[in-house]
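Heads up, the thing below is written out as structure tokens.
When the chains are written out, they are named A, B, C and D in that same order, and each has its own residue count from 1.
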Amino acid sequence: MSTATSGTEEMAVRDVINQALGEEMERDERVYIQGIDVNGRGGTSNILKGLDERFGDERVRNTPISEVSIVGSALGAAATGMRPVVEIMYCGFLGVAGDQLLNQVAKMRYMFGGKLDLPLTIRTKNVMGANAAAQHSQALHHWLAAIPGLKVVCTSTPADTKGLLKAAVRSNDPVMVFEHGGVYNRKGEVPTEDYVYEIGEAAVERPGEDVTVVATQNQLWNAFEAADRVDDVSVEVVSPRTISPLDTETIAESARKTGRCVVVDDTPLSYGTQSQFATTIYENAFFDLDFPVQRIGVNDVPTPFSPSLEDEVIPDTDDIADAIRKLA
Amino acid sequence: MSPADEAKREIPADERIEMLRTMRRIREFESVVQNKFADAEIPGFLHLYIGQEAIATGVCHALEEKDYLTSTHRGHGHCIARGLDTDRMAAELYGKETGYCNGKGGSMHIADVEAGMLGANGIVAGGIPIATGAALSAKMRDTDEVAVSFFGDGALSEGAFHESFNQAAIWELPLIGVIENNQYGEMTGLDEQHPPSTLDDLTIYGEPYGVHRERIDGMDVEEVYRTAMEAVERARNGGGPTLIECVAYRFEGHHEGDSQFYRPEGELDEWKQRDPLLTYPEKLVDEGVITEAEYVDMEEGIETEIQEAIEFARESPLPDPEQAYEGLYAEGGEGA
Amino acid sequence: MSPADEAKREIPADERIEMLRTMRRIREFESVVQNKFADAEIPGFLHLYIGQEAIATGVCHALEEKDYLTSTHRGHGHCIARGLDTDRMAAELYGKETGYCNGKGGSMHIADVEAGMLGANGIVAGGIPIATGAALSAKMRDTDEVAVSFFGDGALSEGAFHESFNQAAIWELPLIGVIENNQYGEMTGLDEQHPPSTLDDLTIYGEPYGVHRERIDGMDVEEVYRTAMEAVERARNGGGPTLIECVAYRFEGHHEGDSQFYRPEGELDEWKQRDPLLTYPEKLVDEGVITEAEYVDMEEGIETEIQEAIEFARESPLPDPEQAYEGLYAEGGEGA
Amino acid sequence: MSTATSGTEEMAVRDVINQALGEEMERDERVYIQGIDVNGRGGTSNILKGLDERFGDERVRNTPISEVSIVGSALGAAATGMRPVVEIMYCGFLGVAGDQLLNQVAKMRYMFGGKLDLPLTIRTKNVMGANAAAQHSQALHHWLAAIPGLKVVCTSTPADTKGLLKAAVRSNDPVMVFEHGGVYNRKGEVPTEDYVYEIGEAAVERPGEDVTVVATQNQLWNAFEAADRVDDVSVEVVSPRTISPLDTETIAESARKTGRCVVVDDTPLSYGTQSQFATTIYENAFFDLDFPVQRIGVNDVPTPFSPSLEDEVIPDTDDIADAIRKLA
């Protein structure tokens, strides 16, 4: 991607999603949206507001409350000439469509000998820190990434939201797009030109020399803050962007340079993304590492409701800063 | 008394007053927590039961202590009607240690298993299989306990409803499904979420399973009670599952914060004419079951109760952060 | 011709012969692969379609090239009836590179998307949502394509069936559900898996959705064809979904290796009286559509075809191990 | 557990399951079985044969083909006084019950403030190497272990099958018991006395000095074979037994001793158990490791049908032996 000739504009993540989907729907009439309350309400976070009027009820389709059929029918539509963009309101509802995700969406192309394209985008959101309690407050990108056949991206900044969401919609493979409720109102500069980010490419969001922090979504913003705070340490912040397939090389390169790494994410410490990030680092930078990788995440409990408890379990800027200091 | 007689019996005055009180307590609780939520005292989401009080009240009045229920994201009414204490409920909504779930659950997960209340549920239709299991357990343990599952019109579109009622019908379980048809699933009307064939009578969703079906006025607490009573007696006596549609209306937004853009003009006002907390006190006063003054007294008592519940919640401590790591698994136990 | 006329029309002799041939080809394919499986030439699982040939044949004969179908774990009949080549099918069963899925899918996942065949499916009811999506796509792309989903009686207990038909009914999609009632789900009879209310007519599972419903003899290929034809024409013309129950019987085990302990004595023999490959050739001979000699010729031709298909499969190479890592994702493509 | 006074008897894994469940059903009448074809057929692998006649149709219940309701109703029964043992025929069907597993079974106790016991056992089987193709041929214990609130055990040997299955049935928590189709006919000595293995305890199945191999299920048997084969290297074979919560200490202790580790499992290399095992080792034996941990698993594809392809993707004894030699 080149943004050399392009201007930028400051936008919030939520507006970027609306704009990007609108542009993709204009670009290709096979692109349409289906999900609960996407029409009228504009989706669960009102992000799709106005797309119904622009594109009509056929292309912004309200479904019944039927996640199996929402996902499965989108798959069937993707297999036969459409390019659906599904909204699953909260990632916690993905379980209802568990079989369609695990056995149909993820495996169809492979089982059939690679003989069809499945241009299917499934948008959903991680929510943590909104006192939404265990079922609504989850981060589940690790759970979907554990299924071969699903590409999984995590959007974090306004600019990557545009590049990744557009890439997902244009991809001929099923892509799970995990947004995060905690970054919808984050603002940043977004190139005005049309662009996509390659699915499978991580980015060094902020270069540094002493410690690498690999972070996603709201933890990426916390990582920026932590990096500012520990101003005596030069911190390199890496955003994986795509969780599956993971960009091993970009992460490992940073790790080899700094020899000290923190990985932070909202998933559980056991079988969460952190263990995969850490393994990637250990394997590819083993002889350059000075210390074990510091993993920060949720310590293997569902998300409790009470603010005092939820604050305890979700990683924050302090946790990241402490880990950086411990290594530096 | 045969079930039919039981259902037809004159409802004694004290029970009618009790039902009125329950409805009034739900209304008061909901109205107050609505304010406290607006004041940002209550964190998270809040789905209010205002307008639907007659349903939880009528159904739960037909239950005995040994019975079970599962609820939804809109669960406060079911809790109060089931006899849960408003102070521990309020404390739970406030995320306090003294709440029913020690602050771990919040509004969407209040439960009191001791009281047979197997939880609110944040997943649409998520509680129906659980209630089916309670009904199975009741039967396997050779009791005459019954299980009631409350759910919204929207839940009828989830596979979980169908799998559960199919299984309950095969096994003739003492399961009662209460469809609370409040005209909307979130911000979308019934007609966009259900085929035309269902709109006159949502219990048709239970037709394949051969379960007993009733469609009733969900704003008439006595009709709800009588219908539930019949279903409960039938279930207790091995007569199998029932599906009841209670036609009602949600007076507040889907959740607090909902702009309610989707309501046709006048619809809300029209339904409010039938507000059970308008019509039922009037009826009981008219029929001389309670005097106006007694009702005012009752209301005052309830206002005090809820005020105290809120005070209790406010004054209770937040759970110690370390408690976040407790309660996931049973302590000890062989092979635990 | 109106749909009703179309369905009532005399079926031309060549089409009747064609249907006979299709059924006979399915039977031959299945019988031969049954042997090859017993000889351990074919790996994995094998679920045979023997006894149900009239269903796939009659339904697929009512379809056009542009239409779609989804199938089940018992999918060979649907493939053949849809026009897939038996050599590439056999090769797929053998796990060979020349198979429809290059050996990646096997019996339970044969697909030929080019032919609108969206796959066998190892998950009970797993294909129904996919067919619903094909029907949606047909409608959104403003075509008159229809989608057929074949599934067993057992699939009616899965939530996926309900969610799909509910959605298809709301959206009036050109979806046709074909219930192949073969009297069993695995080793368990219908009456243990479905409530009594459904046993006389499984299409009652579609009653809530207001879809068209037909219950027919699944061993009579012409009845199947006529019924399917009506449903297809209706769907093409915007008349929405249909659910057809084809009553039939599975002559072989659930899968090869099944001891069939569960069959009541005599049941199989009784059903075999109605074997479409007994009755239909007889009928066509009786009615002078085909002579016995012609049928013998046809059979010999089919035997040769299937023998050659097996030879093709046997002689085809196994896929190169490295191919295991191909085909998961699309190559290239923007943002791929 | 003490087996000092107890005899042993040679049994196949499949017979151990039948025996253990029979004993638990005799021991406690609240224990019952539900699932597809459990009565008559004796479950998908005929393992439960005879329990129907011993305990009757009420306690060996055939369900309709309804995984949501099979799991959900068992949860409701567990919450109200029964101790259900569910059979999910193939682990690939767990997706159908995705929500009940993710949001109900796993979270109920925690969300409710820890105030109820949920004595629920869910038996299912991993199947790999049976040419069963992508949907039936899966190993998914990592997928369930990624959900806090589910205890997950993997049975491998006749003796651990008895100890772990009994522990699961007696546990007051939901336990997912992953069996493996590839070990059902494996035989070994089983103590005749009644015993349970602690859930959460790994075991050194075979002590050694030079290289640690952490392996599950069929890969545990392959590991034994590989260890025999490389007889110039002293191999320590560790079986995690419980996948969640993982016994960090037993695994780390072995790693600290040998400094060289192989981890092998049938799950995918990305976000599979291997990354969690490896991370555990790196973190707890960092300064003792001579080389990076060798991870062996499925290279991020669904399982293909054809024998030539399936053999390629599933780890085998050669892979393990090669990895051991590489390290030694």
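As a convention for this text, contacts are C-beta pairs under 8 Å (C-beta built on N, C-alpha and C of every residue); 3 or more make two chains touch, one makes a residue touch a chain.
These numbers come from a predicted model, not from an experiment.
Peer 1: Compare the CA centroid of chain A with every other chain's and tell me the farthest one.
Peer 2: Here the answer is chain C, farthest from chain A.
Peer 1: If I rank C-D and B-D by number of C-beta contact pairs, which comes first?
Peer 2: Of C-D and B-D, more C-beta pairs in contact link B-D.
Peer 1: Could you grab the centroid distance between chain A and chain B? Build each centroid from C-alpha atoms only and quote it in angstrom.
Peer 2: 37
Peer 1: Could you give the separation in Å between the centres of chain B and chain D, each centre being the mean of its C-alpha atoms?
Peer 2: Going by mean C-alpha positions, chain B sits 40 Å from chain D.
Peer 1: Determine the centre-to-centre distance between chain B and chain C, using the mean Cα coordinates as centres, and give it in whole Å.
Peer 2: 45
Peer 1: Of all the residues in chain D, which ones touch at least 2 other chains?
Peer 2: 64, 66-68, 92-93, 96, 99-100, 103, 110-111, 133-135, 148-149, 300-302, 304-305
Peer 1: Multi-chain contacts only, two chains or more: what residues does chain B have there?
Peer 2: 101, 103-105, 109, 121-123, 126, 157-160, 163, 166-167, 170, 192-194, 328
Peer 1: Within the complex, which stretch of chain D touches chain A?
Peer 2: Residues in contact with chain A: 92-103, 106-107, 110-111, 133-135, 142-143, 145-149, 244-246, 267-268, 270-276, 278-279, 282-283, 286, 291-293, 295, 298, 300-302, 304-305.
Peer 1: Where on chain D is chain B touching in the complex?
Peer 2: Against chain B, chain D makes touches at 32, 58, 63-64, 66-69, 71-82, 84, 99-100, 103-104, 108-117, 148-149, 151, 166-168, 170-173, 196-199.
Peer 1: Can you list the chain B residues touching chain A in their complex?
Peer 2: Result: residues 43-45, 95-96, 101, 103-109, 121-126, 154-155, 157-160, 185-188, 192-194, 261-262, 318-325, 328 of chain B touch chain A.
Peer 1: For a test of understanding, state which residues of chain D touch chain C in their complex under the given definition.
Peer 2: 36-37, 39-41, 62, 64-68, 92-93, 96, 130-136, 299-302, 304-313
Peer 1: Can you list the chain B residues touching chain C in their complex?
Peer 2: It is residues 156-163, 166-167, 169-170, 192-198, 204-205, 207-210 of chain B that touch chain C.
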